[in-house]
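Each of the next two complexes has chain A plus one other chain: chain B in the first, chain C in the second.
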Partner chain A sequence: MSRRKSEKEYEKTFACHFFRWLDGEKDPFIGQVEMQQQEAFREGEGDAERRLQEKNILLNQIYGRKKSRSIRNLERFYKVASVVFCGILIYLLLLTVSFLPPIGVAQRPINNEVSARYIEKGLQETGAINIVSGMILDYRAFDTLGESHVLFVATVTVLILLRMDKGKKDYAGVSLEEVEANDRRYEPKNDAILQMAAYLLVPVIIIFGVYVILNGHLGPGGGFSGGAIIGAGLILYLNAFGFEKTERFFTEKTYKRISFCSLSFYCIAKSYSFYTGANHIESIIPKGTPGAILSSGLILPLNIAVGLVVACTMYAFYVMFRKGGF
Partner chain B sequence: MAEWLCLIGGTLFLLTGIVIFAIELYGAYHYHYVLNRMHMAAFGDTFGIGVSLLGLMIINGVNFTSLKMLLVILFLWCASPVSSHLIARLEVATNEELETHMEVEQE
Partner chain C sequence: MDFVCNFPFFSILLTLFSGTICSMLPRRAAKWVNTGVILAAGGMSLALLIWMLSGGECFVYRMGHFPAPWGNEIRAGILEAAMALFFCLIMLLSMWGGRKKLDEEVEESKHNLYYVLVNLLLSSLLALVYTNDLFTAYVFVEINTIAACGLIMIRQIGRTLAAAVRYMIMSLVGSGLLLIGLCMLYDLTGHLLMSNIREQVEVIMAEGTYAIPLVITVALMVVGLAIKSALFPFHAWLPDAYGYSTISSAAILSSLASKGYIFLLIKIIYRVIGFTVFNNTHIINVLFVFGLMAMVFGSLSAIKESGIRRMIAFSSVAQVGYIYMGIGLGTKVGMVASVYHIFAHAAGKALLFIAVIGLTDVSGFSRRFIDQTGAGFRNKIAGIGFTVGSLSMVGVPVFAGFVSKILFAQAAVNNSRKLLPTMIVLAVSTILNAIYFMKTVIRIYTPAPDCGFEGVALRKEKLYALSILLFIALNIALGMSSQPVVDAISTGLDMFG
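Moving on to the complex of A and B:
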């Protein structure tokens, strides 16, 4: 503290504020930025009773506990089995750790010929200039197959949780039609500026996404990033023009068909290439000249399949959280 | 000589852009109300990025990368004001005590 200033004066200076902030004594956000504290949870009259009632309804009607004895037995077995299964899993994983090689030894399995081969012969064997694409869609295509299925399973899970069927009124007293009517209360409704921007930007965004997907084997990009760009373009279009416009070309049926076709095409194509590779049969799919747009064998179609799945998944997530159905 | 001029001009533009970003950051934390803060953020998103990328384009010279930077500027100038407009719209639609922050014209 400076000797020339009194303590009261010093408290007003910038240095004092700065060092207090540095020491964490003062939060610069408190009182400065608009923030609202969450209200404390307060239980009203009859809330506990209602909660108990709802729990009983859930147990009796949905899980059918009263209906049969076998389900109750299964529940007990499930609890015991889950604990036993977790115990076995933990034991196995710890056992594997004890077999791992020590750290810092040159002969570790990670320093093997696999990565050297990827770098030396990747271009020749996969035909892709972008070696990352060559790895994820050729050498390790099985892994990418799992990833695209994870996306599909995630959508299905969200569908189970948030889906609303037409005509039913079971969802906390609200039907899908009411949700649709409420949908645009806070959303921009027929906003001329947003519509003009979307009119200009959406084609550009979608074309850029297509470019990223088709160039996946030639440069940075690929199915995942390009699909995300296309999905963002679709979401922008939906925000600007509403569900009536998007449902002309993208409904639940479209989602089903695109996902099914892409994932099954991926499975069949990679099954073929694994089969030929394992049995040392010459594959009929030509590699082409590296650098051309139609080259590198299966990587380009697989990129397209992955991109379609990713774009549909992003759009379906958004629609599901906004409205609860297509 | 021309290269030096390009370098100096580009650097000046870049420095201007950095100053604008500093003003944006200061403003975004200085103001308390959402519309003022949104204005400062949009200011940096359009003007700051435009000037900085212009500086990079001048340093880079005329080639394909500069064209890409120009497209980035165009994209941001289309997208950022629209998002600010939507934030402002949402604030007007949801805030019931709008009169405490500003004068509201009665229609």
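Moving on to the complex of A and C:
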């Protein structure tokens, strides 16, 4: 008796829950997970008709396609011609590849003084153990500066296309507020499994991303890959907990400030380095001891800047495509 | 090294950085930053050009602490400085001329993003002009492409969105071909720097080891750039992109974005592959034929067109054809004519686009020809601008287009095999040009007393009028004092080496 538990106590134990679940008496997720089926896509009355009408208007009035025989023949000809053209292009490219220098031979043209210097003197000249980082952020930093602006201009273009402003109602008849209300209609809210997984994974993912960025000059990694990892972590967090919780630490303002600060830092730091380099002035930035975390001159801060830009860009893309606003 | 040698680097970085700044600013501040940055970049290019003309040598500028084959490098000569100055000038005037329309057509909260795109586009153009490294060129080609897409679709109506998608698909095909070509060129030569590639190409041609892949590589790069600059069979993206986007975008795209790619092509021909090597391949004949076809078919499409803005857009196809025809002649004189036509077309076409928006605005925002009757009386300055632009495009003396036609004809005389087709097509194309441009000019100066459209007073649109006047002055200046420009281009091409 002394070791026996009362029935009430027993019901609280893990074993009881487990055996009841095993017998199929109780589902532990009932009450914890919102079991809601996705709403099927339903077309309103007359929608199909209207769509057909719009398509006809598009074809006849805008593209001016009357259903005449010659135009249909031309369309057929285009289909055949495009296939033939692709075939020729594939043949040409394969032919070219067969003439290219063989792979794995020491006398290839690309094994010249350029790569030799990168490999032999890279560590000494840039202070970075990871010579790829040394190449993209020191030897050829101008290209990488352009590349991070490619990301920036891509975000700007997506903002132009998809951003909705508050209080306006001309986006195909819906306003931002309605979109926000509709946002989670097609997926379950407060999913316990997803939230627990995100709760465990997101810190690890983000810390790993930070590690990849900070370790960029010492080992494989760097700003682009680390930033992508952090961005993925943020997107996972957003999916699990929704916009309300994310907005506590990441709004449009945060995005703007972070990307502005990183890009300006990149621009200014590299301008200094380009200017001193071109005018043969000694740069004041110390190289440090190779292998230490604070080493390799500008590469570490630049990696951080690139990482922040990439993470913000990924998150902003996701948010824009999902509901058109942060 | 003189301090003026820093100017190419300053102008690229300044425009790039101002793009980032504009994204944070409210719209009025962004507007002023945009104007200021274009003026600053233009001023620096002017200073550089003056320094070059007064005896400065062309120079390479090291971007960082490492010399050329290892680090990045930019290069400046007379032609680069002149091109940069001209791009800044046209950009500034196009922005001024389209400012009122921009305020009407684009959502207010997105104005600063428009200035971001314009700054980044200018920066990429300057980088394309100054670069001495093929991979740097590719990176800035990407910026140019994406920014151009944004410029097309910032006026969000159905046709601009469709046009932007079309532009993106075609342009990405072009970028892809350019990138494939570039990778193979790197595989064959082991360099990305233009001058080093050229040394290796000469070795390859002498030994004859990789002649076939080299020719195909060059072909891929040329076709890629031709698609991006709307050479005749690849021009399907062009009419809607120029015809429906907001007017500054149309002017900038037609006179600057596509010209940046053509300039890059000329640079590749001279500094990467070598002029003689390129002339010995058959690619040059293909360019010549497509150029001739563009001159005829572009003009024919323009004649058939019923909307005034799409007509001007199709005229761009024909004018790009002139440029490629000049490249295809395969002589230095032909190349000079092509480069001069880049200037002449940019000045004329931007003027036409800016002027035409004044005409359609006083015709009830209609693009149809019938509604333009008498529009030249209702908006006088736009009417004059349109007439000047048309005369320049047709090739009437005093204006820039005339000089470029003379130069093309002179260049054709030097090449006996291509003389006859060039002369015939030049004549046919000029007549076709005259048909559709003069038809429009007569239409806008036909009095229509009871059309019911209001005229517009000049003093209400001071900035617009100023930009049109400056454009007219630019066209006349290019046409009247062409000799210094031609000399500068010729010396600049010699500096390419």
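Assorted remarks:
We take it that the second predicted complex is superposed on the first by the 214 of 326 C-alpha atoms of A that agree within 3 Å, B and C clash if a C-alpha of one lies under 4 Å from a C-alpha of the other, contacts with A are read in each partner's own complex, and residues count from 1 in each chain.
Everything that follows uses one rule, which is that a contact is a pair of C-beta atoms (placed from the backbone, for glycine too) under 8 Å apart; a residue touches a chain by one contact, two chains touch by 3 or more.
Since the model is a prediction, treat every value here as computed from it, not as a measurement.
Of the two partner chains, chain C is the only one that A:Ala154 touches; chain B does not reach it.
Taking chain A as the reference, the larger set of touched residues comes from C, when chain B and chain C are compared.
When the two structures are aligned on the shared chain, A:Ala197 is found in touch with chain B, with no touch to chain C.
In the superposition on chain A, A:Ile57 makes contact with neither chain B nor chain C. In the superposition on chain A, A:Arg140 makes contact with chain C only, while chain B stays out of contact range.
After overlaying the two complexes on the shared chain, residue contacts for A:Asn279 are found with chain C alone; chain B is out of touch. Once the two complexes are laid over each other on the shared chain, residue contacts for A:Ala48 go to neither chain B nor chain C. Looking at the shared chain after the overlay, A:Cys267 reaches chain C, while chain B stays out of its contact range.
Partner chain B is touched in their complex by these residues of chain A: 28, 32-34, 186, 188, 191, 193-194, 197, 200-201, 204. Contacts from chain A toward chain C in the complex involve residues 62, 92-93, 95-96, 99-101, 108-114, 117-118, 125, 138-143, 145-147, 149-150, 152-154, 156-157, 159-161, 163, 165, 256, 259-260, 263-264, 267-268, 271, 273-279, 283. By the touch criterion stated above, chain C contacts chain A in their complex at residues 1, 5-6, 9, 13, 16-17, 19-21, 23-24, 61-66, 69-72, 107, 109-110, 113, 116-117, 120, 123, 127, 133, 135-136, 139-140, 142-143, 146-147, 149-150, 153-154, 156, 159, 180, 184, 186-191, 200, 210, 212-213, 216-217.
Residue ranges of chain B in contact with chain A, taken from their complex: 29, 32-34, 75, 78-79, 82, 85-86, 89-90, 93-94.
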